[in-house]
Amino acid sequence: MTDIVLRTDGISKSFGALTASNDISIDLRAGEIHAIIGPNGAGKSTLIAQICGSLQPDAGKVELMGRDVTGFSTDQRARAGLGRTFQISALAMEDTVLQNALLGALGASGRPWRFWAGVLGDTALRARAEEALARVGLDGVASKRCADLSHGQRRQLEVAVALTLRPCAFVMDEPMAGLGAAGSKEMTTFLDGLRQEAPILLVEHDMDAVFALADRISVLVYGEVIATGTVDQIRADARVREAYLGETT
Amino acid sequence: MSTILIIEQVLNGLQSGVMLFLMAAGLTLIFGVMGLINLAHGSLYMVGAFAAAAVAGLTGSFVLALIAALAAAALAGAVIETLVIRRLYDSDHLDQVLATFALILIFSEGTRWVFGSFPLFLDIPDALSGPVTLPGGIEYPLYRLALIVAGLLVGVGLWVLIERTRIGIQIRAGENDREMIAALGVDISRLYTLVFALGAALAGLAGALVGAIQSVQVGMGEPVLILAFVVIVIGGIGSIKGAFIGALLVGLTDTLVGIFLPEVLKLFMDAAPATSAGSAIASMSIYILMSLVLIWRPSGLFGARI
Amino acid sequence: MTRETTFNAVLLLGLIAVPTWALIMDQPFTITLATRAVILALAAAGLNIALGIGGLVSLGHAVFFGIGGYAMGILAHHAQSYSPLMDWPFVIEGTKFMPVIWLVASVVSALAALVIGILSLRTTGAYFIMITLAFGQMFYYFAISWSAYGGEDGMSIYVRNDFPGLNTLAPIQFYGLCLAMLVIVLIFSARLRKSPFGLALNAARQVPARLDAVGLNPVRLKLVAFVISGVITGLAGALFADLNRFVSPTMFSWQFSGEIMVLVILGGVGRLFGPVAGAVTFVALEHFLGGLTEFWHIFLGVILLAVVLFARGGITGLVAGKEASHD
């Protein structure tokens, strides 16, 4: 299948006696949003860490655009086209919004080894950063210090930095975390349009957002994928209702 | 090269290793429980040595001198913990380094002010002076042998304290979770002062014990401090077991390479350059050991966290 | 102009005015003191790049200072004794020519920083501090046991080295040379802060995970910063050796590593002119307090404690306000 952008092939990871990932095979296809849901402690973070490269799986592999990236470090995976956002905003708080976005543009350019010319004078980098900020609606606060942003704005900036990379796949770790109802709705609309640009692997607790956005959903319980399917299939799946939604039928 | 010489040097290495362990154990305990990097630990070593030398000079009693060393270092530790160190637990490492560097300046110059720049001497007690004949006919200074035994006994005592007592349970809990032990009703600031004073007392004891075979002078603590850092890097921060293994490794490497490397080099080159090259490389041996451990295991032999 | 820029300008003008003042007041010794301050500021400006921007708490920067010093000492020693440094496989002569000495000091410092950096940056936090400290001690003991170049006693150079077009023995001209070097490094630092590399390094200190996520390797950025930082401190070491016409293992000592860090903190960590403010203050304290009591380090310790506990921005922070400029 040529339209698979990102996939994990039987990855497993244990910490001592605890199996955090057990033979997980999921894929992300062009144009879709694939949501990963599961109760706390199901191994979502461990899965993300292995996909993004901060943890090495004990077995199995990760492929991006058909290329085996299992041995790649985090930064190599980003250069290979993986754009991620963090559950807890990882932003340079002392720097301005624009500087944070420039960081992404700089990473995408692959040319950080310039010690003399001012980064703000680099029109190409700047254009790329400003475009991403405008898309998430942060162009008005570009010169604000990140520490002075509201929580919602930080979440938007997280996404904007990932946008500057123009990745071939997004991995988003709870982009709605801490957003109010209005913020969630706004972010949902935004992500809805984004899937055409690059598919999104979405880890999210906000079920309204998941059901509104996801083309497919995989349910992770105790480190295992117990079901993958469309929203309707997942809603109807007895095992999911039992294991995850806590219903006994 | 005779077996006797080898055994003698191994014993020397063990002796300096166990004394390093006393320093490293305190440092690693303080780091593990409070997350503090304490450069002033070497000053507490010096305080112990000076207190011992002063009391031995007044009373002539080595036992009183040791008690004085323990008391003075523990007291100094408790005082600086209360006045300065406890403000640093939540600070970054840079602040901790600078503030404890400032304490070194104050301790060192303060000691120079009180005792002058000339070294003091602490005599080995009569009961422990002179050589002892070991099985196999090896003559070895009794005092150094006593140091090895004393260091091992303190190590065992520390192990019992941490593994088998109530206070030890609190210390281990403190390493894992601060809020948790506060929730258990333990007075955390008292526990911290206690741990710091305990580490200080160990350093002071080491200073006094070693002071009897070296001179007691200002600045004596810092070279030992840096060696103890090497020990901790090798053993893994926060691990008492790592500190023990690391200390013995460093003590033995430092002693044995210095003695044997020039001899080995003499097999390949002339005596004079072999001696100078050998001693130059030997002075670097423990740092090379540290580098190798870093390449192999960046968080040390027994370190879990980084 | 912000208050910080005004403060910086005043500092710089003050340094430029020192020789004139010294001549008018007939206090020639002031020039030597100011030279010392300028060279220490240069060493601290080097550390400020690794520490202030990159967040690398290096307690081993004396290594580079010592390497710079010994590069000068060894080359000049061979030049003054007319003995080649090496005659196999090819002949290398000593030299008294400053630009060559500086080049050698830079290259060797860079190599040392590269090796120490690669090993130390495998770790972070407290480990990094202890490891850099340990490597500093390694060089210190190595210098002591290196009997060919004076061992513990160090070595003296009879005449200050040459710089084309200058009489380096004239205190004012040597001062001018050191000040010019400091200004060049400060200009470079100012550019570096605003450059793409500076942006990335500054973020690598704050959130390394973010750098990885945008495809930049934070460890590599920090390594390069460490090397640049080591080269600058190495150059300062070469000048310092020329100021005293003497090198010894104390240039490698851990106390000196601590002092360079104190200069940075005293002046204001991460501030462009922090090292200058710190070095000027330090030399002034050393001169005036040192004149009052031989135990002046006690007061230095107390001042340092006060800065750490109550005035994190250092002198620049006190004068110019807490916020670092963001433009």
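When the chains are written out, they are named A, B and C in that same order, and each has its own residue count from 1.
Definition applied: contacts are C-beta pairs under 8 Å (C-beta built on N, C-alpha and C of every residue); 3 or more make two chains touch, one makes a residue touch a chain.
Because the structure is a prediction, the values reported are computed rather than measured.
Most remote chain with respect to chain B, judged by CA-atom centres, is A. Here the chain at the heart of the structure, going by C-alpha means, is C.
A separation of 48 Å divides the Cα centre of chain A from that of chain B. Chain B and chain C have CA centres that are 31 Å apart. Note: centroid distance chain A to chain C, computed from Cα atoms, is 43 Å. Annotation for chain B: no residues touch two or more other chains. Chain C contributes residues 51, 57, 59, 119-120, 122-127, 129-131, 133-135, 137-138, 141-142, 144-148, 254-255, 258, 261-262, 265, 269, 295-298, 300-302, 304-305, 307-309, 312 to its touches with chain B in the complex.
By the touch criterion stated above, chain A contacts chain C in their complex at residues 52-54, 73-76, 78-79, 83-84, 86, 90-96, 99-100, 102-104, 106-108, 110-120, 122, 125, 145, 161-162, 164-165. Across the complex, chain A is touched by residues 188, 191-192, 194-200, 202-203, 206-207, 209-218, 221, 224, 228, 324, 326 of chain C. Remark: chain B residues 31, 37, 39, 84, 87, 93-95, 97-99, 101-106, 108-110, 112-113, 222-223, 226, 229-230, 232-233, 237, 276, 279-280, 283-284, 287, 290-291, 294-295, 298-300, 306 touch chain C in the complex.
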